[in-house]
Amino acid sequence: MLLSVKEASVYFGKVSGIRDVSIDVEEGQIVALIGANGAGKSTTLRAISGLKQPSSGEIWFKGERIDDLSPEEITMRGIAHVPEGRRVFPYMTVKENLEMGAFSRKDKAGIARDLEGVFRHFPRLRERLTQAAGTMSGGEQQMLAMGRALMSDPTVVLMDEPSLGLSPILCQEIAKIIKEIHAEGRTVVLVEQNARLALSLAQKGYVLETGSVVLEDDAKALLENDKVRETYLGGSD
Amino acid sequence: MAILEVKNLSKNFGGLMANRDLDLEVEEGEIRGVIGPNGAGKTTFFNVISGVYKPSGGTIKFDGTLISNLSPDKIAGLGVVRTFQRVALFPNFTVLENVNIGRHLHARESLFGAVFGMSKQKEIENLEKSRQIVDFLGMTEHQDELASNLPYGLQRALNVAIALATEPRLLMLDEPVAGMNPTETAEMTRIIRLIRDEMGMTVMLVEHDMRTVMNLCDKITVIDFGEKLAEGLPQEIRANKDVIEAYLGAEDIVA
Amino acid sequence: MMRYLAALAVLVGFAIMPEVIGEYYVEIMILFMINLILASSFRLITTCGDWSLSHVVFMGVGAYATALLAKFLGWPFWGTVLLGGMASAVIGLAVVFPLLRTKGFGFFIGSFALGEFVRLIWVKFHFPFGGPRGMIGIPSIELSDIDFYEAIPYYYLVLLFTIACLAILYRIDLSRTGKVLKAIYADEDLSRCIGINVARYRAMAFSVSAFFAGIAGVLLAHRLGAIDPKNFDVNTMVYLVIWVVVGGVGSFWGPLIGVAVMMLVGEAARPLAEWRPLLFGGILIVFLTLLPGGLDSLMSKVREMLDKRTADGTEKI
Amino acid sequence: MDWPTFIQSISNAVILGSIYATVAVGLALAFGVMQMANFAHGEFFMAGAYVVYVFYALGGMPFPAAVISAFPVVAALGVVTERFVFRPTRGNVLAGFMATAGVAFILQVIVGQVWGVGLMRSVPTPYMGAASILGAQVSWQRLIILPSTLVMVGGLWFFLHRVKLGKALRACAQDVEAASLQGININKITALSMAISGGFAGVAGALMAPINAVTPYMGHSIIVTAFIVVIVGGMASIEGSILAAFILGFIHTFVTTLFDAVLATMAGVAFMAIILVVKPTGLLGRVRM
């Protein structure tokens, strides 16, 4: 197993964000986490990337326990997190944002190669190199946030609601790029409100409800699960 | 006559149009649902109506009074009160104290009165009223507990209780059942219906949980990309092709 | 019942104290009580989340007001004390008004700047404030044949005022108004949306607390007989902050405890002379970094632990 | 005001503005990166002046070397303050600010106990004479402040915009959480920003040592002005604080020349109050690092 969350719980004060969540991600998979607002999907990702330390449970990555590491140490081990709401550096240029993505890397040749890779996925970023990130549209910012994450040459990419607030056409483009990133050999953990989009991309899916995993199955099976269809896919028509 | 009249309402942040030319009319005694995908501008809409944000354009009338540029406390004073998506309460107060603070609009107290205890009679009435609201939400056994010690579901219920204590004419609920389990959801749905039926309030709610919205609402407004996409009875909305596409994602999104 | 007995014991203690302690300590006790009023009124502002860096300036407003009225117009004490407080309250309103758009750190710094503006007026105008050297020869108080120049009568006068001021502040803390202020601190957006006029309450808290600081200033001015702008500068203010931080603002009693403890520490450290600010600075850092709730929070933690033990039934108290 | 007085005032204002800028930029940098509001910034300024007093006036080190060594010495103070005051109070601006008032007390006492309170430390003027500019006389000692400020502010700009570590510092200022997700160590960056912040205050104090009276309490007057500058400019904006520094420099110089120093301070305070009412975010509140 490349990445596994073992019975992790996260508390905010006395309120629990997630309770005993277990998730297994195999190398080369796309794994989708779906569920309503506030179900604990983002909190799970934040626990993996070290932004919020779990109060109990363990997180293992490449055979090493990582739940007590700081976010920057976890990033250096090969997990990149594209946070909810993009979170690009608004007053820095596109180029500087991408440069920050490769902050801890020293291999100049590798960085140059990955920069080209990012431009291949997102040609629009090359045209906007010197533009301040905060002045770009939501879709462009999403692309930049994904590009920035790729600049650390990660093994696993955690994506939190990449389709949030984007038009259907842009959603399709983002979906296409997620597939490309996956095709490069990277593992993806995808959190989505848009359950249909997420499950159609993923091999495996987890359904979260009020902070706990209530269902886990093949993505295809979940797409056809009646309960899932009714709750998250808007009824079976 | 409509109790709430929204005309050409727009709100932009920098270059981003969060709400664009929204029109909406809510009849007295109605339960209105506002739905739409994440980031469609529903919460912005609530924030503008409740006065948390100033609109960039358009007008909002409540019961014939223009409220578009009033502050939130003035709007609440006129009878439009909203809850928040997040857990919004006073954590260091007990449940009863939380609700009693919600009685603020009905408890004019002068500083002089505060020091010399001249508002005692009024306070007793307010406490009585607060107790009734706590009972109404089925939280009687928790009334002396600190709000921060309540489980999540009860905290959400307390949010509604605080808003009810202001005795609004229009109650706006921002995702009242978000994060609740099915039992809690059913209970909250029942309470919202009672709020309209027994307390006679008009209710407008933003909600993600489709089942709750379809069950509860007399009429539904769909917002997408800040604009009104559709409006109608639940069964009309359920059958609307645009809505299905926008809200649920097109069936064959990944070619 | 226990509570009333304790309160009674404290009152009796204060009443007979001057007979027991020497004159030097009577003077210290007078300052102590004035500082109690100052610190307790400061807490009122903090209950709605605002921290002011100008509170001692309002003590100065009261002090200057009483000095002017008593010295130049020959007003009696009851008139000057009331007007001293009122002057502080009114100037407090004028100062807080532009600050209502700011919060937290901006409010703190802004209140400092505007307080400094008021203080510099005293420095700037030799007439009537006496400029940087301040005012001297503030008459002592005379009330129906009692000369309050002596320490012991003055002690009882200040005791009377301290009891009255603290009682009023305590009532406000427990009242609906006090709860509304705490509600604003806990969740400002929610407070607004249930109809609370946040700006009005913040302004009121600031102005009322300035009123009591003004009264403390009146009592101080007549005891010292001379005041100057340096009495009310940021250095003095930092000491007030230290008392309040050490005591904690979580409950009404915190600042009172803070004043008591830190004045004791100050007396004990008297032989250290110039090293005292270092000690106080160190204490301030230690409290803010290790015990941000102050002594008050420590006590409530202890109480909680005791409660738990009694609840478990393992030990009855 | 006659012509020579006018020119004299202008040059004084520019030089005063430069000192304010050097001091305020450090304050704005630390605030921008992690909301660290340093009450002891004035005492850092004082410490820089004492470095010159000890190394140059007492130790006989060349003046420029003494000024330069003020940077690492006071930078170290900044790092210590970050580690023991700001880090434990992170997330609570007010607590950090109040706690650094304690740092100010401590520095005043230590310096006073080691080198004496009350007595004015006189630092001999290394550069005698004055330059004549359009009929006004500006002493060389004051004039060298101008290029020093240019070098420091320019150096800081270069570091923040052209060096990877400097860019990481800006990234932290814009979004701490996102920065940590890029592999940037937040603690290192905050310590670095306090080092730079302290270093700037130190050099400013060092440059002023032969001009100002060197006392343990000399930080008092500068801290008030520095905070006025930073509030007026926009708390986290370096560009704003430079702009505000020169505005304040002009206000102070001209009001002092035309009226007196107390009124000049009052004018500065009043100016800040107006900004707080009209635009609480400061003149350039939107522009961040």
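First chain written, first letter: the chains are A, B, C and D, and each begins at residue 1.
By definition in this document, contacts are C-beta pairs under 8 Å (C-beta built on N, C-alpha and C of every residue); 3 or more make two chains touch, one makes a residue touch a chain.
Quantities reported herein were computed from a predicted structural model and do not represent experimental measurements.
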item	value
Those chains which touch chain C and also touch chain B	none
By number of C-beta contact pairs, the top two chains	C-D
Relative to chain A, chain with the most remote C-alpha centre	C
Chain A-chain D separation of Cα centroids, rounded to whole Å	43
Whole-Å separation of chain centres (CA-atom averages), chain C against chain D	33
For chain A paired with chain C, centre-to-centre distance based on mean C-alpha positions, whole Å	53
Distance from the mean Cα position of chain D to that of chain B, given in whole angstrom	49
Pairs of chains satisfying the touch condition	A-B, A-D, B-C, C-D
Interface residues, chain A side, partner chain B - complex	13-16, 36-39, 135, 138, 161, 164-165, 167-168, 171-172, 175-176, 179, 193-197, 200-201, 209-211, 230-231, 233-235
Contact set on chain D toward chain A in their complex	164, 167-168, 170-171, 174-175, 177-186, 287-289
Chain A residues within the chain D interface of the complex	49-51, 70-72, 75-76, 80-81, 83, 87-92, 96, 99-101, 103-104, 148, 152
Of chain B, residues touching chain C in the complex	50-52, 71-73, 76-77, 81-82, 84, 88-93, 97, 100-102, 104-105, 107, 109, 111, 114-117, 119, 123, 162-163, 165-166
Residues of chain D that touch chain C when the two form their complex	35, 37, 84-85, 88-89, 92-99, 101-106, 108-110, 112-113, 117, 220, 224, 227-228, 231, 235, 262-263, 265-266, 269-270, 272-273, 276-277, 280
